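In the two complexes below, chain A is the common chain; its partner is chain B in one and chain C in the other.
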Partner chain A sequence: MISAVLFWFLAVVATAAGIAVFRVDSMARATYALAVSFVAVGVMLLLFNLEYIGVITILMMVMEMAIMGIFMIMFMGMNPALMPMSMVHNKRGSAILASGVFVGFATAVLLVPWPERRGTPAVDLTQSLGETIMGSKMLVMLTVSPVLFATLVAAIVLANPRGRYDRFGDDLRRRPPTGPGEGGPR
Partner chain B sequence: MTLEAVLIASAALFCVGLYGALSQQVVVMVMMGLELMLNGVILAAAGLWWFLAPAPDGQVLLLVVITAMTVEMAMGFAVATLLHRSRESDMTDMATDLSG
Partner chain C sequence: MVESLVEVAPGWVVVAAVLLGLMALVGACVDGALAAHSDRRSMLAGVGKPIWETARLLRQRRRVLVASDPLLWRVGGAGLLVVALLMVVVVPFGRWTVADLSVGVAWFNAMDVMVWALVWLTGWGANSAHGLVGGHRFLAQALSYELPLMFALTAPAVAAGSLRVSDVVVAQQGLWFAVWMPVAFLVFCASVLAFSVWGPFSPAAGGDIAGGVLTELSSVDRFLVLAGRYALLAAGAAFAVPMFLGGGSGPFGPEWVWTFLKTAVLLAAFIYIRRLLPAVRPDRLVEAAWVIGLPVVLLQVLFVSLVSLGGGL
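The block that comes next holds the complex of A and B.
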């Protein structure tokens, strides 16, 4: 009973904070609203005894939102990021589409005959997750690791203001190198 | 707390994010919409795992979704940085080179 009440409270908080992201006056406040939504979902995961995943979600998203706030203020300038703003397009169409998708999802959820629960959760879910990803599901970790590494490299290549692709061109054959500044040694 | 309740809550989160991803003009705000959608996916996956088949394998799927969220954020910030540097703008309407 208590968990049900707590779940509904968190669900309302998560959804209301999610709505607030696109309703509040400034981007800085929107960032914090999104963080609240993620923390609420993280606590909901704890209700399913998913301690590891729940704590990871909370820690990661709080840090991510802090970084996002910095990016917003950096790109928007200090004043626009903290002042009222409205930068939307096709608001009505988006709202209709999102509402239609929600009605479709909710109808499906209520109409589908969900099967009975099969199996029981492990006593220590964190340990069982560790054993799984180091055992039968190791391929997932072997895939995720290079994907994250590739993301690091790609993000640095894109964000670097004066990288080799700026100076030597997309095929790295431009001579002499050009680009920002002097373009390196000539 | 039932599976239906969890899935409806996750659908609400997903659709709020969908609205944001479709309607916002600022790249970082679009990313926030995508994050909310993935937030709903995480909740739905956790609910399905808990109420239908609470085997350890299901948790791995959650890790994959969280990884996808991380990749989306990192690449989104990188693209936003590139866009801002090259065009002095962070609006999606200014980056329509590939449209149509």
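The block that comes next holds the complex of A and C.
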């Protein structure tokens, strides 16, 4: 009973915060409304006894929104991010798309023949969920993730204007090196 | 010796809040005494300072700012205390714990990430350039300390084979983790200072930007943020006890006394460090943290993993 009430409360919070993302007029409010929505979803996962996934969802999403907020404000051009602004563009198109997707999913929910529960829940839900989703693709994922990580690191190295070769010279022999930041000794 | 932890009823969280408040007050009084000492006054004269300062702030009239965002500003300021309380609910006090979550260590980590958002919001909400610079500084600093902190928390969890805080306590029956994983312990302590915007990691509230995130705070808002910082320091010190300092284990007497003593000593050390070390600029910290700190703490985790595979110490 209590968990049902809690679930519906969190569902309303998550949806309301999601709507708020498009209704508020400030970048910071939109970002943190999205964070609230994600935190509500994370707590819902805790209700499903998926403790690890729930806690990690909260952790990742708050961290991501904190960084995203800065980037949104930084890249918003002519700095309207510091002033009240609308969070929507292409209103007609996105309204049509959104309602189409919603109707599609809602119809699917009603039409899909959901399977009956067979057996009992596993002892470690996080582990069995991971095995169900990944399962036979585990080897692929293990190979892909280092490649993706290396790509990220390489992209940052290439984009960094104060990288190793800028600071230590072309033959990496300059001593002492120039400082790591803009304010450091040149 | 800690044989088994008892999970008490959720209502006891009130007691946890009182204890946390008490610890934060002790921290503030120690800082007041040390401040008086460095001003060549008697330390006793400074002990009461946090109480008078609280009384002054609660009577002060709230400053109203043009085009500020009061909602985000107040959420950021008041949230620090809430996060500190959410951290201590997974910390066992002697034999009792409010919530012995199966992922207690990850829970603490998620709560310290909340501080990212809260400090930035405190800086943003005031609509002040100094506050905004402070908030951005904090996030830059957070990018430096967060990964070392995560791996520092990984080491005890690997050694205990569990993310449950009570399992970590039980795994230290023989030898404290602080003894055989000192790097992880030191990195954890430094990270506690960092997420509390304290001592060497306080440029977000630095004097060079007129107080940064604290600049425009007044009245009860300022009180909540200052108290929140001490509460975060206290919560970090309290969490180090079950993670690295053997929990409530001690040579004699009841376990809760030892939890309390260890927390108080570590907290006093945290407070004292502020007067020993200069502030580190976030753009300088990033190199030290990523080029030295992260590899060193990863080696620590590797060492702990190898020891655990070999059957433990």
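One rule holds in what follows: the second predicted complex is superposed on the first by the 123 of 186 C-alpha atoms of A that agree within 3 Å, B and C clash if a C-alpha of one lies under 4 Å from a C-alpha of the other, contacts with A are read in each partner's own complex, and residues count from 1 in each chain.
The criterion applied here is as follows: a contact is a pair of C-beta atoms (placed from the backbone, for glycine too) under 8 Å apart; a residue touches a chain by one contact, two chains touch by 3 or more.
Treat the numbers as computed from the prediction; the structure is a model and nothing was measured.
Of the two partner chains placed by superposition, only chain B is touched by A:152; chain C is not.
Of the two partners chain B and chain C, more residues of chain A are touched by B. When the two complexes are overlaid on their common chain A, residue A:56 makes contact with chain B and with chain C alike. In the superposition on chain A, contact of A:32 is made with chain C only, not with chain B. By the touch criterion stated above, A:133 is placed in contact with chain B alone, chain C being left untouched. Contacts of A:178 after superposition on the shared chain: neither chain B nor chain C is touched. Of the two partner chains, chain C is the only one touched by A:66; chain B is not. On chain A, the patch touched by chain B and the patch touched by chain C overlap at residues 52, 56, 67. Of all the residues in chain C, the ones that touch chain A in their complex are 69, 71-72, 75, 101-103, 106-107, 109-110, 113-114, 116-117, 120-121, 124, 136, 139, 142-143, 146, 163, 281, 283-284, 286-287. Remark: chain A residues 3-4, 7-8, 11, 14-15, 18-19, 21-22, 27, 30-31, 34, 37-38, 41, 44-45, 47-50, 52-53, 56-57, 60-61, 64, 67-68, 71-72, 75-76, 87-91, 93-95, 97-99, 101-102, 105-106, 109-110, 114-115, 117-122, 125, 128-129, 131-133, 136-137, 140, 144, 147-148, 151-152, 154-156, 158-159, 161 touch chain B in the complex. Within the complex formed with chain A, the residues of chain B that make contact are 1, 3-9, 11-20, 22-26, 28-29, 31-33, 35-36, 39, 42-43, 46-47, 49-57, 59-60, 62-64, 66-67, 70-71, 73-75, 77-82, 84-85, 90-91, 93. Chain contact summary for the complex, chain A toward chain C: residues 26, 28-29, 32, 35, 51-52, 55-56, 58-59, 62-63, 65-67, 69-70, 179-184.
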